[in-house]
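One chain, chain A, appears in both complexes that follow, with chain B as partner in the first and chain C in the second.
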Partner chain A sequence: MSPLIGRAVPRVDGHAKVTGGARYAADTHVPGVTYGTLATSTIARGTITTIDTTLAQAVPGVIAVFTHLTMPRLVTPPSPYPKGFVPLQDATIHHNGQPVAYVVAQTLEQAQEAAALIDVRYHAEPAKVAIDDAPGEEFLPPPGPEGPQEFVHGDPAAGLANAHKKVDATYSSPVHHHNPIETSATVAVWDGDQLTLHESTQSISLTQQIVAQALSVPQNTIRVLTPFLGGGFGSKAPVWPHTLLTAAVARQLRKPVKLVLTRAQMYTSSGHRAEFRQQVTVGAAKDGTLTAIVNISNQQLSRTEQRVFNTSESSWMVYGCPNIHAKQLGVRLDLPTPHFMRSPEGPALVGLEMALDELSYELGMDPVALRLKNYTDLNPENGQKIGNQNLPECLKLAGDAFGWSRRNPTPRSMRDGNELIGWGMATEAHSYHARASSAWVQIDTDGHALARCGTQDIGTGTYTVMTQVTAEALGMPMNSVRFELGDTNFPAAGFSAASVTVSSVSGSVDKAARAARDAVIALAVADPHSPLHGAAPDRIVTEHGFLFLTDDRTRRDSYQGVVSRHGKPVEATGSFLNVPGYTTGASFIEVRVDPWLGRVRVTRAVAAYDIGRVMNHRTARSQVLGGMIWGVGYALTEHTMIDRHTARIVNPNLSGYLVPVNADAPKIEAFFVDKPDPTSPVGAKGFGEAPITGVPAAISNAIYHATGRRIRDLPITQDKLL
Partner chain B sequence: MDFLIPSTFAEALAIKAERPEVVPIAGGTDVMVELNFDHRRPTALLDLTRIAELTEWAPSENLLRVGAGVPYVRIIDELGDRLPGLAMASRTVGSPQIRNRGTVGGNLGAASPAGDTHPVLLACDAQVEVASVRGTRMIPAAEFYLGVKRNALEPDELIAAVHLAPAAAPQQFSKVGTRNAMVIAVCSFAVALHPEQGRVGAAVGSAAPTPRRALAAEEFLAGELSDAGLWESPKPLLDSVRRRFGELAAEAASPIDDVRGTAAYRRHALAVLARRTLGWAWQDYCGTGETRSQSCA
Partner chain C sequence: MRVNVTINGDQRQADDVWEGESLLYMLRERLGLPGSKNACEQGECGSCTVYLDDVPVCACLVAAGQCQGREVRTVEGLAAGDDLDPVQRSFVEAGAVQCGFCTPGLVVAAHDLLRRVPEPSDPEIREALAGNLCRCTGYEKILDAVRLAATRQASGAEAR
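And now, the complex of A and B:
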């Protein structure tokens, strides 16, 4: 039987999603639900002097208006709660858009009307909102979960001194926002001291933990449900204040409360990619061998949290270099806390990949050859293998398909009528961590299987891929298997972020399914009514829902037969801790530039990745499409604009914040090496975020090739190319 | 808020006379955004979508009368041959869903300086037919736009239709956006050749408080074309002529810096758009009729 894993099967939840059958958090209907709305601060720094809710409370239908004076007291949860404070607990304002009141009413419109009538007076202090507002205020933050903020290997100064050619340049990117289609929503329902949260979260277990800490209640009194997510991209991975406030308000009022953030509120309530600036210095010997990589970066932090999210591990994880210095500085600004956004490893890699392109021109060396010359599979931190061994194959797969060998490296050497054509490339890379997960599988007397795991499907295809994993491990057709997720009553799993879901969850699901299969085989061989009675369990295989004796395939039984004779379902569990790893690939980009208007169109994108064994070619390809297209936005259009005077975000909507539309999407081809990773029971590596990490650099490099203009400050808007 | 649903235009005019503060809504592509962002809170909306007569177009004397409620998609599908400039501008509006709902009447009612159809209406000498219980009057497009989102309608008036001559010669429209679709214009430009009048219509969008005719560019080009006898025996335009036309078109603008682009970029891009659109239109003109010239191809 050909394996189910890898097949490009359509999404098992696709029908529900396109017919409206998929119920997202905000779709949850709870009898007697009331509606919450946040009123938010209009200054970025200072204190509330007075807050008058008289008019708001007089609005018909208003049930309560909570301010910092009346809100129930909450505990500020420790990290990984990313905020460092809980709003509505004191008068201090830390950023524009911070909640200053929580209104609950019978209808959403009543709540919104009341929120608009709250009169807040502030003592405002001058705010700093851009790196340029705070020169000299950068500092080296303390070590975070990923380790120290500075990494030194060898002698970088000597490496640069000995270099034949050097590039020393500064690269920058602005604040970005995630913009998932589904804005964050919370429905909090208390039943006595039991809380059910219908939540749009990338981590139900973290939500359970953080809400329990904030409310000072036992974790097991909280159940979190997230059957569907309309994207997250990191914005829903942490637990943000709106969830804590909604749970607290619902408890206080003894009524279910629903809160759905507006699109504009998403720009101040659920993290963002920090403004980032890096000085990258690379040196190489005449033959292209790197002699030094130095990456000194600076990024925005908030006044209340100093964790660094835009990280520089690509400085030492992709290219073997004897002399490396990476330093991750931060600067505190009066903005919301930044967080990770697909991919936090992207900004640093974008700088490195642009610098290497510049170096290739200094050396007169092909950019692909320069990378092949230097790629490494050894981590200089610990001397262990990284898992990059197939990067050269990725460069070849994508480069050949793109036609890279036909490239004339001279800038402005290709044109079509008025348009300049350019080809550029970049390596893509992303790490994935170890996350424990557990799963439960039950085979019912009707021969159907049910698998459960407390993971999430952020839209990437977890339902589908885990159905494939379960069905393959059991030897059942996919339509005999149902996979359920998104419920803290299920065995726990980690968050669906950091590219770890498939790598982590596939292991426990596979183990649980194999244990259930083995249990059924054991029943069969012990059952005098089974044709398999007395056979050796290791001589039995399972396929299509049947059990066969390998030596004599006429002796067969079925899951339904065995379990129905057994008279009750067979259950098993499995737990797994994946091995952390690193996933690499390469993207090749063609752009066409109108030099008179500065307009760039990305017309072709070809990419290849080593993601271990491909779990599902359709969903894996979709990850590439999403990453590539988002990379177009990163390179050309996306930019959260913050007014320097008022500290307000000027474009908190999808009309002003320009994500790519269909007309911006190039033709995309995706290739996979498709070799199983030996550390995973099913061969999977982490993948989600890798596509996008190099794309902005590849586009910028292609624009240089087209125009001879090196734009180091993203996005590359039209005016910058005139 | 009241939602008023007249089924005839006369009924709508009666309501507007009685309650001039009501906000007319057709496709809703502008009004609904303003409501959703709480930028305005009208006491009543006047739904014009049930009024059949607004959704019709027909020849009217030498002109085409296009009802204010004809959506962009129908202008593209049904009038693309006769009103090519308006159809080009309509194609650049929003997404298919927006083009199914949005109307030229709505574009005029909102009178945003960035409205996509305005430069075409100006370049094509469109007349806006407005009506009230007091009667009907025609306002030339050039006199319709008074300021940022302000137009020449009296409080009791509604837009009934626009009147445009079927194109007798090539027309072009071009727009620069911040991405390839679904954007408000950074700047836009329309040009329409009027050989029967020996002149050219030209107008800029999204680069001044109102859409605006580029009069100096029009006059310069009319002079150049007439002096060289090019209307009668078309030849390719000199680069210097196209360039000067572009410069004068850019000078017609008084742009600002905003989130979509800088004033300097807008001026530069307008010059490019004007030069290009004129080049395309003139190339088409050279390629038509008995005076077809190989050198123009």
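And now, the complex of A and C:
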């Protein structure tokens, strides 16, 4: 029987999703639910001088209006709560869009009408909202969870001095917003001192922990449920104030409260990718050997938090270079706290991959050859092997399929009629974290298995892939296995972010399932009624719901037979801590540019990745397709615009913030090296964030090839090419 | 006000509906039909697409009161029991569903396209789905799903 793992099985939750049956947080029906809404600040910096809620309270149906004067007192949770403060606790305003009142009413319309009638007066102070507003204010933030903000290896100055050719350029990208199609929602239901939160989160455990800290209640009094999530991309990985506030007002009012953020509120309530600027200097010897990589970056931080999210691992993890200097500066601005957004290591890699393209032209060397020349799988921090990351094979797989060898490197040399054609490429790379997880598997007397883990399916396919992992470990058909997640009553797992879910959770699910299988085998060999009675357990295999003797397959029993004779279900648990790692790949892009209008279309994309053993070719490919279109948005359209005078976001909606639409989608081919990672019981690596990381650079490099214009400030909008 | 409306073939009634209330709110919050999603409330994303008298509309932009005496069909009304509509089945089989939040609107929009244009060209598919945003899939598999559903309907084997 061919293994289940790897097979491109359709999503097990597909039926629920195409029929409208999948229940997301905001779909939760709770009898007697009341509706919360936030009134938010219209200034970015200053204090509330007066707040008058008289008119709001008079709106029919209004149950309560909480301001900083009346809101229950909450504790500001420590990191990883990313905000540094809880709103509605004092009169200070730290950013535009900060909650200044929380209204609860019988219906949403009543709450919204009341919120609009609150009269807030401020003492406003001048605000800074762009890196350019604060020259000279950048500083080196203290070390974060990823380590110090500065990395020096060898002698970068000497490396640059000895270089045959150098590139020294500044690259920048604006604020981006995640824009999952589901906006964040919380439904808080108290029953005595027990709280149930129906939450749109990428981390049920973290939600449980942070809410408990804010409310000063024991963690085990809170249950968090997220059976389905409508995308997150990082925006729902941390716990944000709206969740804390909703839990608190529901407790105060002794009523269930539902809060759904509006699309506009998502732009100030759940993080963003910080504005980013980097000066990249790279030098190489005549043969292309890198002599130095210097990447000095600066990014927006908030007034209340200084964690750096656009990190520079790629400066030292991808290429072997004896002299490296990476420095991650930050500047505090009067904006909401930024956070990670799908592929936070992407922005720094984008600059590096554009600089290497420039260097390839300086050297007169093919850009793929330049990367192959400098590839390493050793971590310069410790000299250790980084693990499976077969970049050379990825470059070959994708490059051959793309037809890269036919490329004429001269800019403006390829045309089709009036259109300029450009081919560009870039390396893709992202690390994935380690997270502990546990799982529970039960085999029932009817021969069916139920697996549970307190993880999440953020749209990536956890339900499906973990059903495959469970079924394969048990030796059962997939339709005999049910996998459940998204409930803090299940064994705990980490967040679904940092590309960690599959690589961590597959280990504990596999272990729990194998332990359950072994327990059933032990029952069979001890059972005088079993044809396997007395056999050596290590000579028994399980397939398709049956147990066989390896050398005499006529001696067989079934899960259903063994467990039903046992008379009660068999259960087992498993725990696992994955090894963190690094995933690489390569993307090759074709663009067509209208030279008169500056209009760019990405017409073809080919990518290859080393993601360890592919768990499901369909869901893995989906990550590539989704990542690729994110790269298109990053390179060409996505840009949160902030008015520098009012400090307000100008385009907090889906008509002004341009996420790619179906007409923007190129033809995409994806390849995988597909070799098991030895550190994982099932061979899996973390993957979801590697696609995208190089795509914006590959597109920019292709635009240079098409037009001869090097645009270093993303997105590359039409005006920049005119 | 009171609104009487036929939804997925059933006669339904909603009371205390506010004049400015959207059809989407009435469906989701009053009538227990949360399949249609709210993702922008401004007609930008298509997640709330439903049929109103056989014409696809953004339910967030239609006032609930406008539906008095009319027929609404939502994503919950496309399948016959466990028997999925060919469009729904094609979405699952083609891998057009990831997080699934855009899916209800896309399924209705694609369903409408195939009723009007049984064998759509790629530009026709792209045009018909232009108002539906998806942040997960990169769209390719959604186009595949519509092509697959069209082929199925054309072959007649699955027509209903």
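The rule we apply is simple: the second predicted complex is superposed on the first by the 720 of 722 C-alpha atoms of A that agree within 3 Å, B and C clash if a C-alpha of one lies under 4 Å from a C-alpha of the other, contacts with A are read in each partner's own complex, and residues count from 1 in each chain.
Everything that follows uses one rule, which is that a residue touches a chain if its C-beta (ideal position, glycine included) is under 8 Å from a C-beta of that chain, and two chains touch if they have at least 3 such contacts.
Every value quoted in this text rests on a predicted model; they were computed, and no experiment measured them.
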item	value
Chain B versus chain C as contact partner of A:107, first or second or both or neither	second
Touching partner for A:422 - first (chain B), second (chain C), both, neither	neither
Contact breadth on chain A, by residue count: chain C or chain B	C
Chain B versus chain C as contact partner of A:681, first or second or both or neither	neither
Which of chain B and chain C A:447 touches, first, second, both or neither	neither
Touched partner set for A:336, first chain B, second chain C, both or neither	neither
First (chain B), second (chain C), both or neither touched by A:661	both
Which superposed partner A:21 touches (first chain B, second chain C, both, neither)	second
Chain B versus chain C as contact partner of A:181, first or second or both or neither	second
Which of chain B and chain C A:599 touches, first, second, both or neither	first
Touching both chain B and chain C, residues of chain A	655, 660-663
Residues of chain B that touch chain A when the two form their complex	33, 38, 95, 176, 178-184, 186, 259, 261-262, 264-265, 268-269, 272
Complex contacts: residues of chain A adjacent to chain C	8, 10-11, 13-24, 26-27, 29, 107-109, 179-183, 228-231, 233, 260, 262-263, 458-461, 618-619, 621-622, 625-629, 653-655, 659-663, 665, 667-668
Complex interface listing, chain C residues touching chain A	18, 20-21, 25, 28-29, 32-42, 44-45, 47, 74-76, 78-79, 84, 88-89, 91-93, 95, 97-104, 107, 126, 129-130, 132-143
Residue numbers on chain A that touch chain B, as the complex places them	116, 596-599, 601, 636-637, 641, 650-651, 655-656, 658, 660-664, 717-719, 722
